[in-house]
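Structures incoming, each one as structure tokens.
What follows is chain A paired twice: with chain B in the first complex and chain C in the second.
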Partner chain A sequence: MNQETLLVGLAGVLAAAAPIIFAVVGETLSERAGVINLSMNGTILLTAMSGFAVAYTTDSIFLGFLAGMLIGALVALVVAFASITLKQSQVAIGFVLALTCRDLAYFLGNPFMGVSGPRLQAMPISGLNDIPVLGPLFFRQEMSTYISYLAIFLAWLWIYRTRPGLMLQGIGEKPAAAYIRGANVNLMRYVYTVIGGALIGLAGPTYSLGVRAGWMGTISGLDGIGWIALSITIFGGWNPARAAFGAYLFAFLQWLGLVLQPVLTQVPSQVLQVAPFPLMILTLLLVNIGNTEWVDRTLAAMPESARKFTAKVLRAMRASPPAALGVPFERD
Partner chain B sequence: MLKSKAGGFIFQLIAFMLAMVFVSLILLAVGASPLDAYKNMLTGSVGSMRKFAEVLVSFVPLLLVTAGLLITFSAGLWNIGVEGQIVLGAIGSVWVLRQFVDSSLPPALIITLSILGGMVAGAVWASFAGMLKTFGGVNEIFGGLGLNFVSTALTLYLIFGPWKREGVASMSGTEPFPDVFSLPQIPDLRISPYALAIALVAVLIVYFILQGTYFGLKIKAVGKNIRAAYLLGIPTWQYSLYSFLICGALAGVAGALQVTAVYHRLIPSISSGYGYLGLMVAMLVNYQAVWAVPVALLFAALNIGSIQLPIVMKLDSSLSGVLQGVLVLFVLLTEGVRQKFVKKV
Partner chain C sequence: MNVELKNIHKHFGKTYANKGIDLTVQSGTIQGILGENGAGKSTLMKILSGFIQADPGGEIILDGKSVVINSPADAIHVGVGMLHQDPLDFPPMRVLDNFLLGRSGGLFPNRTSVRQDFLNLARQFDFSLDPDNYVDALTVGERQQLEIIRLLWMGARVLILDEPTTGISASQKQKLFATLKKLAEQGMTIIFVSHKLEDVEFLCNQVAVLRAGELVGMTKPPFETSTLVELMFGKVVTLGDRQPAKTGDTVLSLQNVSLEDVRLKIKNVNLDLRAGEVIGLAGLEGSGQGMFIRACAGLVRPVGGKVFLKGRDLTGKAYHAFKHQGVNFLPASRLEEGLVPGLSLTDHFILAEEPTGVFIDRVAGQRLAEDRIKSFNIRGTPTSTVESLSGGNQQRAELALLQSPLSLVLLEHPTRGLDIESVIYIWSKLKDRCKQDGAAIIFISSDLEEVLQYSDRLLVFFSGKVSEPIDAATISVEQLGQLIGGKGWTQKGDANA
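Right after this comes the complex of A and B.
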């Protein structure tokens, strides 16, 4: 493989990761505030379908993306209303929405199956796209990919470098303390869930108007991506930068599967396509195992030197969810 | 007590009506007549004996999975990996059949072994999610989802690899087994009375475990308050694992029956989404085993009835999924409204 095809391939990885990045950043914001939006898989399919349908009927890609954001926000609003106001199980409501939105996408998308419609074109950034290596890699992408870079950076900046971001960490970790400091916990949860949902809603159109243009119904190959994005959010330890790394890693592994296919002819292509999943489970295990009690006990029983080293390794990989994730907040 | 039950029933009725209104609006939005759609779904599911038999074919795995999930839900666990546990059940049962396909053992024994093989495989697969949860701290939802993808990959690998059909491998699955390895069916109908009986017995057993045994009480204690259960001396992680094993075993039987009673081979989509649908049924019946039978039957009827839609009305058959989902959604929402605004009806 020469350098040029390699660069094109890797640039494709960045583009393929863009929708997953929108989803994981949106989910991270929502979960940081304490709300799990489990509907992601359905939201991505529904917004992919509706984004394409709107862009196709209005001939405006912008309106397609806008429709995706609105629908994503609307689904998230249902999650927020059911879990924050009605205090129902977030997991239950999210799961039901995941299935319902998926089937709704297939049902409503029926007339748009297989039609060819508008799609995003590559938008090289003049001045930057001629830089050797970095230019073709980062700066000859579609608009949505540039926005995905921005989303990672802004979300990271917001959570870790601003006052409202600090408050966001607070309402997910210690809502009672945040409330005493003057935060309207439930209102903020609504806001972040809906904003997160709007971001997740960008993922669908990024597929149907870009990465995998068009709507193909059940064979779109999008069913399942939301669940992957959910595990990447955890892999990312609720940090948008680390989650983005997970998204790129996932897209890279899928690409690698495609590239290796001619070499590994005895392995069916379908198997290579799902190769990242066992890896995902393994990483989830590594990220979480440091939180279990028996590991603490085993560590305590280890000799001093081995313990220090193991504890260090575990701590480096470990990620703890926001303490109040999934827990409703009561004022009294 | 009675009053609160009646109140709950009224709210469920409201939820049902809201769901119908919502789905009717969607149908109107795509320019279809809701009445026609419902009529087609009705005749498509109970319009003839043959169609009703199809409903029962779909009812069997759904009921088995729901029965298993009632146990994990009682233990406070979201066993979303149930989908993969069905798949592994199918793989296990095909594996057993392949071992004995040329043997001289009586077919009835081989079929029994095959179903047991599916049961064990499903339970083993469930134990992975269970161990990831209890020893690895991995939330069962994410562990289960990952394992679902792995199980799909395993199916495809087997179909295209070691268990390839003579000649060319294809998405149509492995080579079908000879007829003698099928569970006997009612003449002219596709439903096997044995499969139906197994599913009904399974839900009875689950009902009995949960209502009438100390074991079931402990599982429910773990589900209600894991900390309190632990302090009461219940080995909580063991009971979590037991509930995974029972659910996986039942899902495995569902998968094995898909092989021995329906498809007679391994196909890529052998679980057909029954795992996820079972989660919805279990939620809709509010984790009560008594209601599992009628609701699973209703959901199966919707599934089969919707097959008519693309043919007769050029509508996508996913309408049944929309209807099922919206129904559960409104039940959850009205239940929330009831708890919030109609305190202690």
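Right after this comes the complex of A and C.
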């Protein structure tokens, strides 16, 4: 494989990861506030269909994306209302919504099956796209990919560097403590869930108007992406940068499966198609190994200097869920 | 800041938690608030700190101005800050982030200047807190220190402390008291809520006693302990004398037991525990006593040595094997590890019984529950869920759940947060049970008086070092305090007592 094809392939990986990144960043914001939006898989399908349908009907890609965001926000609003105001189980409501939205997408999407509609075009950024290696890799992408870079950076900046972001961490961790520090916990949970939902709603149109343009109903191959994104959020330790790493890893492994297929002819193609999933889990388990008890025990047996260093590294990698994830807040 | 509470009422349903309370605290005063569990101390403080609102008709006046406090954020805005018994902070986050969180300002906080403010305040009170450490690596005392300087930084002029001496070490307590005195000298108003008479007597310039929601007395030093106790309970309560237990056969025998986890190594502990004996474990929190008691319960596997229970080798066996031999463990966190929130008292008693058949005999369960509730003096009904009970009653319920026959009871902070009447009750029940079954007791407590009062022998823990068993009658509170702080240990790691 020469350098050019390799670069094109890797640039494709970045593009293919974009929708997953929208989904994990959106979910991360929502879960950081303490609300699990389990409807993600359905939301992605429904927004993929509706984004395409709106763009096809109005001939405006922008309106397609906007429709996706609105629908994503709306579904999230249902989750927020049921869990925050009605104090119902987030898991139950999210799961039902995941199924409902999926079936709704297949049902309502029938008229748009297989029609060819508008799609995003690559938008090389002049000046940057001529940089060797980096140019073709990062800067000859579609608009949605650029926005995905931005989403990672902004979400990370927000959570870890700004005052409201710090409060967001607090709300998900111990709402009572955030409350005495002046947070309106339930309002903030609404806000972050809805914003997170809007981001998840970008994932659908990014597929149907870009990465996998068009709407193909059940054979769109999008069913399941939402569940993967959900687990990437968890393994990503509720950190947008780490979650983005997970998304890129997943897209990379999928691409690798395709590339290796002609080379490893003796391996059944199904194995290569499925391999990204277990590989993904293995990698992420390794990253999160610091959470386990036997590691603690092994550490205890190590000499002092090595122990300190390893413990530090593991501590930095370690991620624990927001302690109040899924728990309704009531001031007592 | 002068604080005046006028005619504060608060009712929940039909019961009054506060009934017409009037209280005036002058600037620069350390005001003690005494009362048994459920006397209405917490309610009053929650009203002042904005967590809940008083019934209409009452008034809060600060420096002569009437204020309305609708939330904790309002409270800190007018200068009232509260230090909660369980620190309301964010354990997985860094100290500096905890400090900064909640302070208003621009979108991007200037961490360099915040760090400077933090270090200045910490230095002022001689707190050694690392701003980059994680809060979950701090002791309860250090978390309190962090919260105190945070509230000061937020502009608190009135500081309310709710049972602040529970769960902190003797030296941290000294430092806390010194800090509070210094703050009072600077004109701050300190409100110190406690049920620990010695702390209140030592620290406060003025003490208000609450009983059943009413302010029943206001005294100034010198304080008479007996008067305070009588005010608190409306009757005279005495501790009773120490009674050395008559001891019987060996129940638990540890031979060269070694334990380790990430932070601590405990080496070669030898202990023979006899029936009827009570052993107290003293030490700063996290000095190894938690691991030790869990090893006795079979929850932690020793890395070396042997554990015998009534002559049977149980080394490395699981918790159930220990339980089968009559070992019961009552952990410190009652609602997390000890009881099942959501289940009623009846459910708990049924679960603890030997199962007979697949279906539950509700009628028998109900009878059992009524029986136990009566004999253990639990304030609750068979259908009360455990989380609706007060701390003291939860602990009584746990005692009522002890299995029979019993050979060894392991308790972690058995009386933490309980008032003196409950403490006395719990201990007399415990001792009765042990006498009846010929069982021994091992308990952890950070209250040195309790350790000396109730144990026959004690083990002192200091960062993984374990003393030889010390006869509790031969050691004073001061000596014990020093050992806990790491002083008075001989070279080979034994306590020199």
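We adopt the following convention: the second predicted complex is superposed on the first by the 295 of 332 C-alpha atoms of A that agree within 3 Å, B and C clash if a C-alpha of one lies under 4 Å from a C-alpha of the other, contacts with A are read in each partner's own complex, and residues count from 1 in each chain.
Operating definition for what follows: a contact is a pair of C-beta atoms (placed from the backbone, for glycine too) under 8 Å apart; a residue touches a chain by one contact, two chains touch by 3 or more.
Everything numeric here is computed off the predicted structure, so don't read it as measured data.
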item	value
Touched partner set for A:299, first chain B, second chain C, both or neither	second
Partner chain(s) touched by A:208 [first = chain B, second = chain C, both, neither]	neither
Touched partner set for A:167, first chain B, second chain C, both or neither	second
Most chain A residues touched (candidates chain B, chain C)	B
First, second, both or neither for A:144, with chain B first and chain C second	neither
First (chain B), second (chain C), both or neither touched by A:180	second
Partner chain(s) touched by A:311 [first = chain B, second = chain C, both, neither]	second
Residues on chain A lying within both footprints (that of chain B and that of chain C)	none
Chain B - residues contacting chain A, complex	26, 29-30, 78, 80, 132, 135-139, 141-143, 145-147, 149-150, 152-153, 156-157, 160-161, 169, 276, 279-280, 283, 315-316, 318-322, 324-326, 328-329, 332-333, 335-337, 339-340
List of chain A residues in touch with chain C within their complex	161-164, 166-167, 169-170, 173-174, 176-183, 296-297, 299-300, 311, 315, 320, 323, 331-332
Touching residues (chain side chain A, partner chain B) in the complex	38, 78, 82, 85-89, 91-93, 95-97, 99-104, 106-111, 217, 224, 227-228, 230-231, 234, 266-268, 270-271, 273-275, 277-278, 280-281, 284-285, 288-292, 294
Partner chain A, residues of chain C touching it in the complex	51-52, 71-73, 76, 82, 88-93, 97, 100-109, 134, 260-262, 265
